[in-house]
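Below is a structure I'd like to ask you about.
Each chain carries a letter (A, B, C and D) given by its place in the written order, and its residues are counted from 1.
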């Protein structure tokens, strides 16, 4: 029973991390249609920048996160303007864009290794506590992950619902041509969602820096989870992506209750397989 | 059609170009290294190539081998790709003309071993610890104690300290599998109880589930078998989850200390004896030189490949002293068996046993302030 | 030399992988990203059979092909249910499961250790245990696999695949069995990939799970995209480039332990740059052109159609009899109580306001929708439970209002792909009876050109359908319908949007077809046309037949006119 | 054939000269002239594939014409971006789903005024649009995709009206609607034209419903203009037949 509680908590915390990753990816993919595979290394770049600001420049963690998030947003925008935009103008099919994104993935991942080195990066200047509920334990960082997912999620939801640009993003995700017809500048909005999506991933990256540390290869797993969550959640639905992020984490965690942990991936993907076959349009279907 | 003729032309080309003879006295002695320079765990490549390069530089600074310099040629196996390793191995032999290769990672060693065997290239592995690499080729040597040996040492250490129930956490790899099997055998052989053995994927983003299951099994002691840096991560999460039991590892690097932070305190590592202390001057000198060059303390992977280069240099020297066409893999192996004992950076000497695995002193270390402190020698068997 | 030979062996192996993957995604348009699974299956089959049972090379490969083809069939099932992004995720999931199974089935697969010591291929007693010795075998196998793939790509079956990729509904409407085609292409693509797997197992003498991860699938995908989808030479070129590029970069001297990362950065940049320069891939899809020596059509433009298509039977005989057809969608009754007879040599006009259920009626008759009530008899045979392609094969074909041309295929290919009973659609014949296929193809090309000539598109035969004008597109739709050889033709607005000359010509065609004993039903708004060609008008509104009769009688009906025009 | 009937001459608002356009290698519209005068309803007739949609889309800036020019109030706008055309007072109601289906009716209307800067004016406009189409006020909070086809068409027009255009281009507003709804939509268009004195360029296939509200007509066939002038001659069914 204790184990079950602990596994549930683990699912919740990891789900928050997945949800953050999925939100950023969903914003970009849902709005622009770009399968932004390099989302992974951009997220890693963000985390590394935060690390550099804390460990090398000696900034307080919160300040490093703010600067790191801003820098990652700029990075995401650059990836759109220099890589994806030219393909978009040329009317390239999505799979060509995907392979170009893959090229960017390889470039960024190795640049991280060259610039920051290949060793694991951690910060030990940030202290955090361990808490417990009954017999189940968790750390302040994990609470931070849940809070971040909550705050960022609500923030984005509010932004999309209430602001002019937010509505324009939803409009563009819904019907890109119609967005053009009513005078929305789709290029400017694409820049905006790349900035936003990348920024969200940097928030997730900052917390992972505290929890697990960083390595140059961390982007692959991240973009894989984000992509799967977005598809399972239903393309174009931010809510679906968040739900799917938690769902994946809970299956990953609770699925291990009675099954040997070396089958973790299999459990997750068998559930996923069955789910998508039963409901081929994802959790949240578009109107 | 035209496709076939292209291949025919290539084939013909290969026939003509085959059979270039090697000079008896090379300009430089090239030593090959097949390391994880890119991919999922490039840090291994960095420390291994760093250690090997340091040894090459030191030997060259002293004039090389009778005036002939050494050169390290590194090939990338992309953190475990058999195909990349085979391409690298072929390139080392064919293009670079190496006679000795330092492979790393068990699977890479397994994939390149048949080529070394066929081409008679001395292979000296200091990384992977799978038993599959033992005794299959006369050209294959291991300079690191096998996981199975170390596992026995750890089982005894844990039992000595009074543990009755042991739990294991391991990476899902040949290393993890071999270690779990050997430890379980040794532990249960002593009539004690194994309460859990959890594994996770090499690229797992998060190992909290495994740690939670470990905790639920309520062990007296924990055997921690991931490789760097998850060994450190596992310790961190175990301690954060309030587990105060003794933790034993067989791999612990500076990386792991960094990841585990303060939680590393008191963790015990049972491994090849490597301590940079005053009693062991070479070890100390090596550690200082490495730190001066790379800014970090060397881990035992750096030491193994550093030592490997010295072993190969010594073999070339011995072989050359006997004259003739001395620079071949066969002659190097021959020189090894004539006297299988070498000075070791780990202290004293290392001796290759009949199965090609070097016997080194195995010791228990305890981590204090992130640094391993020597506790005692232990039995590896 | 070993090194060069090794690199070339790798080019051969990836050539096989990329080519077979291209069949699936470039020809079939099926984005199933599990190719490394097929590759792994071939490799492990060889490794297990050779080390555990002592079986030798060609047999390990053949067994691997069978096993892998079976796995391919399994993957085909989800591929029929879901499309696009969902298929990508499902197959990526399968890929992850594959790695888990390989890692965890230790007794069989050796787990993470993999299987070492796989014996080399032995030819005439000589073991091919080094790259130079192995290269000829790799080259021959690559040539064979590419020949198999190329043969398929260039065969009528390959053409059907590309048609399916362009438009699944239209492919069904010209009689293609999509289920069978998907199964076949999956099995074949997987089987070919497994050849590369068994070769690599015997060549490297070692297999382990890490050689077959998602990254491997992504690499093969990059080869196909880079080379150009739908072009097999492109896949070979893509494989060669992505194998040779990193090897070539090894000769670029970079100091320090970051050398290989710098090379990877260059590799990534080159990949992006090539794609920027050639966004459609290095080699675009080739357009089929009929051989120059093809038999020239004997039928002059707009000549007597009976030479091309002639249905047997007595004029006036009822061919199709639909009784009390009904169809509801979630409670809304789109069609209720529709009864209609089609007779040989007669043209029936289906008229009625927008939303009256005309197109739904066509969908019901042609098997695209299954009626919720009523029956459709064709020569007394019940059609209601048949799939669309079976209905076409039975002898009833339809066109679509939105045309649904195979836009990337040429005009003559659009017609060719629609011809019935082609031996080249059967893979066994493609490979085992090439003479029969070639003869049939020659006849079919001649026939297609005849049909093209008949509708007046001969001059455009080589043109890609995407480049046709609207009128030409409409003509091609008729041509495609004629090519199916069905004796009952349902045409959904064949004349709308055409100038008077073309309308006249198509009307002439329709009358000719009727004279050739076809039973025809058209949906049309143009009353002039209807009066000109129809023998009977069926007026439907709100999903039921309001009235029917000869055009002149009906058109005098004031009430009807009022209703039709609102 | 040219216009014989004279009509009240108002200033030309939108002038298209010699416009050709298409997709890729394929030309769909050939050398078409078209004028929309202030306050008139011009109906662009023609069958499927006649090039009507391509024509209006290239006028609006969604497709780049291969040759020819478009002038609006005498100003060259040929290759201008849609956003600029919207600001200048041109609105397009595209065929089919001219709305954002996953957004509410109110959000759709607000987005219609995306380029407008004055929130107060936007609010006034919204009230005016809702007065014109009361159903939109009734359903303000509803997700647009869940409304009926006719209501969606009203919403699409409402969106176009949100920034008070001077000319509204409608692409087949009757498509997919039941006959009684078509009638209602046409009445609404006439009402908009009358009440707001707004010029309308309407693409239609449905001759019967479109002609009664038309003030002038252009007919396209296979990408070329074959008739331009008053609607009355087309009322004669026989004459229409010969045209089509």
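Keep in mind that, in the parts below, contacts are C-beta pairs under 8 Å (C-beta built on N, C-alpha and C of every residue); 3 or more make two chains touch, one makes a residue touch a chain.
Here the structure is a predicted model, which means the values were calculated and not measured.
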> Which of the two pairs, B-C or A-D, is linked by more C-beta contacts?
Replying inline: B-C
>> Measuring centre to centre with CA averages, how many angstrom lie between chain B and chain C?
In response: 52
>> Based only on mean CA positions, could you tell me how far chain A sits from chain D in angstrom?
In response: 42
>> Using mean CA coordinates as chain centres, what's the gap between chain C and chain D in Å?
In response: 39
> Using the average of all C-alpha atoms in each chain as its centre, how far is it in Å between chain A and chain B?
Replying inline: 36
> Going by the touch rule set out above, which residues of chain B reach two or more other chains?
Replying inline: 38, 42, 45-46, 172
>> Quick check: what residues of chain C touch more than one other chain, meaning two or more?
In response: 103-104, 261, 264
> In chain A, what residues contact two or more other chains?
Replying inline: 110, 113, 262, 265
> Of all possible chain pairs, which ones touch?
Replying inline: A-B, A-C, A-D, B-C, C-D
>> Which stretch or stretches of chain C touch chain B in the complex?
In response: 1-8, 10, 103-104, 106, 111-114, 116-117, 129-132, 135-136, 139-140, 142-143, 146, 200, 204-208, 210-211, 236, 247, 250, 257, 259-261, 264
>> Applying the document's contact rule, which stretches of chain A touch chain D when the two form their complex?
In response: 164, 167-168, 170-171, 174-175, 177-178, 180-185, 236, 286-287
> In their complex, what parts of chain C are in touch with chain A?
Replying inline: 25, 31, 78, 81-82, 85-86, 88-90, 92-94, 96-97, 99-101, 103-104, 214, 218, 221-222, 225-226, 229, 258, 261-262, 264-265, 267-272, 275-276, 279-281
> How about chain B: which of its residues touch chain A in the complex?
Replying inline: 38-43, 45-46, 172, 198-201, 203-206, 208-210, 212-213, 215-216, 228-229, 232-233, 240-242, 255, 258-259, 261-262, 296
> Within the complex, which stretch of chain A touches chain B?
Replying inline: 2-3, 6-7, 10, 13-14, 17, 110, 113, 117-120, 122, 124, 130, 132, 137, 139, 212-213, 215-218, 220-222, 225, 252-253, 256, 260-262, 264-265
